[in-house]
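Both complexes shown next keep subunit A, but they swap its partner, so subunit B is in the first and subunit C is in the second.
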Partner chain A sequence: MTTFGFLSLLLALAVTLWSSYASASSDYHEQLFLQPLPQSSLLASFNFRSNTSQQAFDNQHFRYFPRALGQILQHAHTKELHLRFTTGRWDAESWGPRPWGGSKEGGTGVELWAWIDAPDDDEAFGKWIALTQSLSGLFCASLNFVDSTRTTRPVVSFEPTGDHQDVDGLHLLHGTLPGEVVCTENLTPFLKLLPCKGKAGISTLFDGHKLFDAAWQSMSVDMRPICTSDGDCVVQIEQTIDMVLDVERSKRPRSNPIPRPLSNELLACDTSKPYNSEDTCFPLEKGADAAWSISEVFGRTLTGVCPLTGSDGTQEHSVCLRVPHEKQVFITEGSTEIKKEDGFTRCFDPAPVQPFDLSIPEQTVDIPVPREEPILYAERTIVGHGQERGGMRIIFGNPSNTTAVDFILFESLPWFLRPYIHTLQATITGRDGIPTEIAASDLVTSTFYRPAIDRERGTQLEIALSVPAASTVTLTYDFEKAILRYTEYPPDANRGFNVAPAVIRILNVENSAPVYIRSTSLLLPLPTPDFSMPYNVIILTSTVIALAFGTVFNILVRRVVSVDEAAALGAQSLKGRLLGKLVAIRDRFRSKETKVE
Partner chain B sequence: MTAKSGDPVSLPAEASTPSKSTQRVPAPESPQAIQTRFRVIAAFWAVIIFLGFPIWWQTTSIYRAHLPIQEMVDWADGKLPESQHLLRTTQHTLDDLNEFAAHHLRLKLTNDTNGSPPRTGNDGVDTSDSTPEHAADIALTVHVRPEEGLVAPRSELQPHTTQLDIFYPPSQIPSPSTSNPPLSIFIAQELQRLYGEEKATIAHILSGEIAGLDSASPELTESISRRLRRSMKYAETYHLSFSLFTPGSAPSSWDIEAAIQEYLAPLLDAFAPISNFTIDTQVQLYATFSPMNPDPIYDEAEAAWTLKKEDLSAFINAAEWPLNPSIGSGPTLNFILYVPDPSQSPMIVKENRASSWIVPQWGGVFLLNPPLAKGQTSNPAYLEQDSLQSAFKTFSHQLLTLLGTPSTPSSLPLRLQTLIRVRAASLLLSASSTMGSLARLTESLPSIPIPANVASSVSTTLSHLSATCSHLREGRFNAALATARVAENEAERSFFEKTMVGQVYFPDEHKVAVYLPLLGPIGVPLVVGLIKEVKRLVAAWKARRV
Partner chain C sequence: MISFFRLLQAFCLLLLVSFVSAEHTSNWAVLVSTSRFWFNYRHLANVLSLYRTVKRLGIPDSQIILMLPDDMACNPRNAFPGTVYSNADRAVDLYGDNIEVDYRGYEVTVENFIRLLTDRLDEDVPRSKRLGSDAGSNVLVYMTGHGGDQFLKFQDAEEIGAWDLADAFGQMWEKKRYHELLFMIDTCQANTMYTHFYSPNIVATGSSELDQSSYSHHADNDVGVAVIDRWTYYVLEFLETQVTSANSKLNLGDLFDSYDESKIHSQPGVRWDLFPGGEQEGRLRTVVDFFGNVQNVEVENANATEPGSLKEDLAEIARLAEKWRKRGEEYSAILGNSTQSHSENKHSSSVGLAPKKTVGPTKMAEDNSWGKRLVGLSVVGACTAVWVAGSVLTSLFSGRWEAEPEWPSRGCAL
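Here is the complex of A and B:
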């Protein structure tokens, strides 16, 4: 529970920080949290948070809050906004629970949800469209493709995290773009929103090449109002970037990015194994963790601190590292190191302007950082075969031996995937590995289902489930694949159609911070026609009609005569005369030949 | 069959023997059969012509709403009575350089009880008795006061009201008998002087390229055309965006709310009848110059870092500084307060030691060099209201220039009134020329559709254009500006109608290629049949004539 405990501690700390700073008119914080993960991975969590007083925000006096985003939010009457750009897959089996309890990440691609202040649903949707169009321009993302078919209104899966005076007047809208490729063009506008702009502080580490080379990365922008009990409100914007870097891969220089095989002498071979020849080797697993440093992994060093932090007198450590205290860590001179009591966390205060680097040599430590299981494992795949039907299978694994997990499964399916909810089936597998089919209603405590309308909206399915302790639940349902219209197919129709990831909100967590899990996005192969078909049809039909027409027309117009009469008529016609001439020339030629003989 | 009959090898002997003379010629066709064939071919062609072509025409034609093309072109060319009037009066100036006749001053005695100050209405050429009743339409109030001890009359313009005080020696009270009393001449001269620049401006706008039209001095013409080039297009709402840029981390805050309240709010209130304004501000740290921009050079003589005048256009790093336009209709005016790094302070423009400049039709820049405290190497973290004073005074001047306010007379209300008239005139012209462009566009591109809402927008524009002209003639300038705004908006909307340009490009060659397998085999027998029948008819007609 320690890792999760630490993360939840972080969250709780953050919550207390927010509440204590809520009275301050404007402040800014940033922190980088580094944690080596198994399989020589490194988790880097960047967090940037700033507050602006509600009054300054309403009067459009922007200081830390980015002006472009603030104007968009005011224009669209958005009171709370959450925007996520994610690529890759979080490997929960080896890496453990997600950073921030999964609350700062999104499904693959782009995910956006917002609480919009509007008198009714239609106006809320109009403002939602205005919001997505503007954000699309601001973040260079295809958010303008979030239309009514990709928009849902979740009922129980999300709750506002800010303090809103009039919660009833707010409309929650949620949209996903699972096919969006997140890349450098999204990072540049993201950096522009930061007060220090990647010129000072931890944001200097951002390099598009490294960031989007990561095994998993997630960028988030959250905006919400926070009010104290006496009515003072601040507007908070929090930006995070979390990434899992493969240390070996990131350490490769950019000039020589392709891994080369080591020469035989350099290989670490298991000499206890028998070898049949000189050039074979059983690789020996390394006992020690790989050496790394910030400048190697990120390709650059950290430049000082953003001078806006700590302006209100509090000292905040801008870089924190989670390794055992026994481990040797070298830091640049001038910066200070503070070890926390928990035995695994240490924080650093870089010197104001100088570059800061941190390096860990290769070493073996007896007490590794304990790794804790996530609360729930989830996995979703499409099963079945054929062009017409398919099935969805979602596997939930509860690693705990004592407590059941209650959660909400939220699926927003595209309209061309038509689920049959009556086929919802559950199979429960205990630790003994024997699957037992049970009625889905035994696990499902409540369901919210909004069926799709073709070309207008997608399916929205929210299921509250409970998975008993020490068991795995497999949930399946069948679906039918719709046949699209000719013009509705994208140019790469045979690649398949993206289905947005499922969002899982875990309900029974001790602290108040929500815990979310997202499955990977899916590719749904749809029946695709041969796209030259319309032209073939036109041409074939035209030919058949022309044949029929020609026959009918000829029968009606031509004159019917006997064969020998036709010969006489034919001789008079142009064709007959030409043929006659040809015959005459050939006859003369032949007679010449016979004369020669 | 003919070919086979000539082949002696492959055919049996009896088949090869029949000669041409023995071939049986079929009996001539009966007239009835010929008649039937004629009817069949005629029926096919009738279906094609009377059913096929109309259906094809109907289904492939584009909806083009009727537009009053001639009227639109006339507006653009200035041929309509209203605009002809403008042209004619412009022509007057060529004939009579002493006075620009489109711009007459009309005097009117008010019914005020506390004296008899004559008021002037600034009016068109029409000398009818139409009296603008609304107080807002009175351009200038002239107070004529006797004052002892004066030799010649003198005038004094109130800087904050639309009032001109004229003091005259009591001896100069005009008697009814004199035709040209010196006092009247003096008042007339004063008024001409006050409105001199406005006249020149309107003449400049109306004349367009014809520079010779201006009766004003070349210097005035030059300054007017410069101002017109710099000023923004007229809009109902302007977004003012004030940004503090600095290459380092300080200053990171400023007393912007107080500064705007103190230095800018009164000016914006005065502009309220013309345009609305929204204000937003931002602080941007670590704003570096673009790599293309040459760095400032230290000038020993000036003891300052200098920017070359020709490099000022690249001063703003458009790629990195977040200066995107505000959301909502209307243009954004950007005002940039740049605080240079202490290592490059003070920063000035090399040529004229100026610390501010205008970016035409975009905004203004002010270089603020805050005094460095003794022994301190960094800028203050917070800019007080006092240190922003000079910057905001400059910004308000730049705002006036960017909005196209004339530089004379000294009274701000008078200048704003001038602005209303100049704006109305320029909107009128712009909407008319948009109409002309739309007319030319629809005529030159016969394949673009014209939806019905474009036609209605055009008619709204035309009606508002004539309303504007009549308002102008009758001296209701605020109303004229309002109708001119509507005309301009509608003209722009009709010109930029999306459905007009958003047409799918399907070339005719493409369609023909797809349908050739149908059209070819059907068309050939039909055309051949038609030709044969026509030949036969011609032959029969000739035979009958012979």
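Here is the complex of A and C:
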């Protein structure tokens, strides 16, 4: 009993000591930012961030940093990691600039880039493969398909966001899987990486049924070292989930999500229309913003606060909402509301254990939240027709009337799409709408290019270019489609082949945070054979061979003879020979007899 | 009195040990759907129902290998995002909030499946994608998809044959990767798939005989497709209603007796002959022996020195280590530079290997195009000169020997 007591005392002491040590160098923050967007959408931005001292990380003393991920990163000598899972399309025309300046989103599917510490390129690639394989197991995604054909080494598109001591020894590798599905099995491990694991705090709102019903969603994991000037380093892990929910759609009950037509009495009709009658209705648009609440939109309430937040003393508000201050917002009792000075942001501190809900009733407020214009609009499409050739068209729109936009376009194309870089052409259209063809070299300031090798690596193209103020630039180039080998086609070859989104990095931004835009992914239809053809060919060939062989064999081994001759031929065998002798003897007798007669 | 208890205790322990040696020490489940495309929703629902059942009965995610070739939950056609239902009443969401899919999409191939069973995987492959079973593991293998006489289609692109499967299990047995194995398959002509099995300790069951189809059970009008297959539906009905806890005493005999051909619309089959003791012994295995999770511990006498014991193994490993160390020393002695330091050795070896230079992206430069044009022009000029000289010579020679046949031109004409 005494020994046990002593031991427990020691243990408690050790824990206290360790936690005081750990809290001095590690902290954890989480925040949810809600912003209603036009077209009855709601942007929900979740951010989870924690710091661990480099020393604790190296010694595998994990407190907030997930052990599963930490060990993988150490095994693969990865110094900085960025992993993205994205679905849907960000509608920049109606929603404006992207959250976090696009730096926390990825292209459709899965995108991964990392800085790996290795003495040379081959070794870096070996570690990269180890990293992708391990991450594929951790995140239930097919990241192991990131092989040499899907790996690129961007030169100017990405820069390390962390503070690294030996930047020259680091190798940047980038891989995308544009066709990868993002679903609940990816959210499950993502939640398990969080210190509160979706049991308390804002992470309790995550529900795969709502998240994967969103118009656009992006999950990200970023790990980077951050150092102060006096050499103290921390390893930071930041996880974010951004999603744009359609409020109307999210409010549908889960048991009956299929919208059914409203009955006539419930329809609000525009009676000013001349055709408005008993059976004809033009639905009236609602003037007021629709009512919504957290419990309706997310399907559950927020449960308390993650007790690990703000252990370094800097308490941040865990829920913030961007609506005009004039708007009425109801919150659960026991939680506090703080209105910020900008007139549009208010933050809430939920009570520690109680469920927290926030609801906005239907109301009309004339003061709109100021909407920023994105720095650049970009869209990319595949043009052309036929099975052999095609073209890529990328349209950049600069909404600014005063400043030109400098940016880098990064394309990572699969090997079966063979671009002709010499066909790169540019058309510039001003506000007057008259297109002018200009030499691409007038806009392009520099190009980094690595041509593809069939079945070994894809094309990597980085173009630095500039779009003048108040104009739209259309960039086009032609490509050729390769013909794949029979076994290289996926099971759903007729769906088309995914081409990774282009990454656009905008250069001349005042603040230091990088701004990124990603185009949507593309489907490239390749010449696809009729997969039953080989079987037809095999069957037909077999038939022809059987017919030909049979005939020839018959001709070779059979002789067509008359019945009389057949008997003589039968004399070849022993029995036949004996029979033949007998017949011959009998014939002789008979012939003698006939001669006698 | 106390001595009696001691005796009883010892006896119980003895009994336990003797039982334990015949029992398994872990449970693994390999659940495979082999069909892609939305209209095969029911095959994924089959597999996910089984996944929920084995999870309910205690097998952890780390010991379940789930292979889903397509995404139904987040499919744009799915009116119920993030869910998969196996019943039109939509009472249980099989996808739920906590699911780990180990192989998905294009990863579900015959090659990966056989590699998984036989553990012929790359060293980088993570543990969650490996079947970590051993000689003490009971393994449940459930497969569903579209099949035929002795084959099962994977993703409508390739097939696994009955012999392939039999050989994979054969190799598993040789590698001591299972203790007992329950093989279940729901596909058309399913029973033909297990006809070639030859390794022991396998109980196999399938949904339909040769030349019989396996049918779907019912469709959900809002999902828009059939949601579950008949055989799986009735197997699940038994598991859900009868096997309610991990302590269930129901055995495989009960499970197989519950097959009702009038409901399943095909003749399910069971193969017992590979199991030691045949049907009689096999029927006594409980359902949770394969669907549940046990944590029996095999106690090995730590002081035993007979072959195969831990001590023996350790001694053998030590001998091997010593042997390799000696061999390494001899090798370095042969190289004749035993005095050379280790770092120098390493350096020389790295020099010996020609470093493969991977070509990265290069900056495209605007160079002097006139220089290139000049080079091109001179090359063209040289070629023309050669051609002219050749034609002059040819005309000279052909003038001399007109009778000579013109082989080249004939060759071209051919």
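Everything that follows uses one rule, which is that the second predicted complex is superposed on the first by the 508 of 597 C-alpha atoms of A that agree within 3 Å, B and C clash if a C-alpha of one lies under 4 Å from a C-alpha of the other, contacts with A are read in each partner's own complex, and residues count from 1 in each chain.
We take it that contacts are C-beta pairs under 8 Å (C-beta built on N, C-alpha and C of every residue); 3 or more make two chains touch, one makes a residue touch a chain.
Keep in mind it's a predicted model, so treat the numbers as computed, not measured.
Visitor: Tell me the contact category for A:Thr184 with respect to subunit B and subunit C: first, second, both or neither.
Guide: second
Visitor: Once chain A of both complexes is superposed, is A:Phe62 in touch with subunit B (first), subunit C (second), both, or neither?
Guide: In the superposition, A:Phe62 contacts subunit B only.
Visitor: Where does A:Ser134 make contact in the superposed view: on subunit B (first), on subunit C (second), on both, or on neither?
Guide: both
Visitor: So in the superposed three-chain picture, is A:Asp564 touching just subunit B, just subunit C, both, or none of them (first/second/both/neither)?
Guide: Only subunit B; A:Asp564 stays clear of subunit C.
Visitor: Which partner chains sit in contact with A:Lys197 here, subunit B, subunit C, both or neither? Use first/second/both/neither.
Guide: After superposition on chain A, A:Lys197 lies in contact with subunit B alone.
Visitor: Is A:Gln460 contacted by the first partner subunit B, the second partner subunit C, both or neither?
Guide: Only subunit C; A:Gln460 stays clear of subunit B.
Visitor: Overlap the subunit B and subunit C contact sets on subunit A and report the shared residues.
Guide: Touching subunit B in the first complex and subunit C in the second, residues 134 of subunit A appear in both lists.
Visitor: What residues on subunit C touch subunit A, complex-wise?
Guide: 36-37, 69, 71, 73-74, 79-83, 90, 93, 95-102, 104-107, 122, 124-129, 155-157, 222, 355-364, 366
Visitor: Tell me, which parts of subunit A touch subunit C in their complex?
Guide: 87, 120-122, 125, 129-130, 133-134, 136-138, 140-142, 144-145, 153-155, 180-185, 188-189, 207-213, 254-255, 257-258, 421, 441, 446-450, 460, 462, 490-492, 531
Visitor: Given the complex with subunit A, which residues does subunit B contribute to the contact?
Guide: Residue list for subunit B touching subunit A: 1-3, 5-7, 20, 23-26, 29, 33, 37, 40-41, 44, 241, 249-250, 252-253, 256-257, 278-283, 285-286, 288, 320, 322, 324, 326-328, 514-522, 525-526, 529.
Visitor: Can you tell me which positions in subunit A touch subunit B when the two form their complex?
Guide: Counting only subunit A, the residues touching subunit B are 26, 59-63, 66-68, 71-72, 75, 134, 192, 195-197, 199-200, 306-308, 311, 535, 538-539, 541-543, 545-547, 549-550, 553-554, 556-557, 559, 561-571, 576, 579-580, 582-583, 587.
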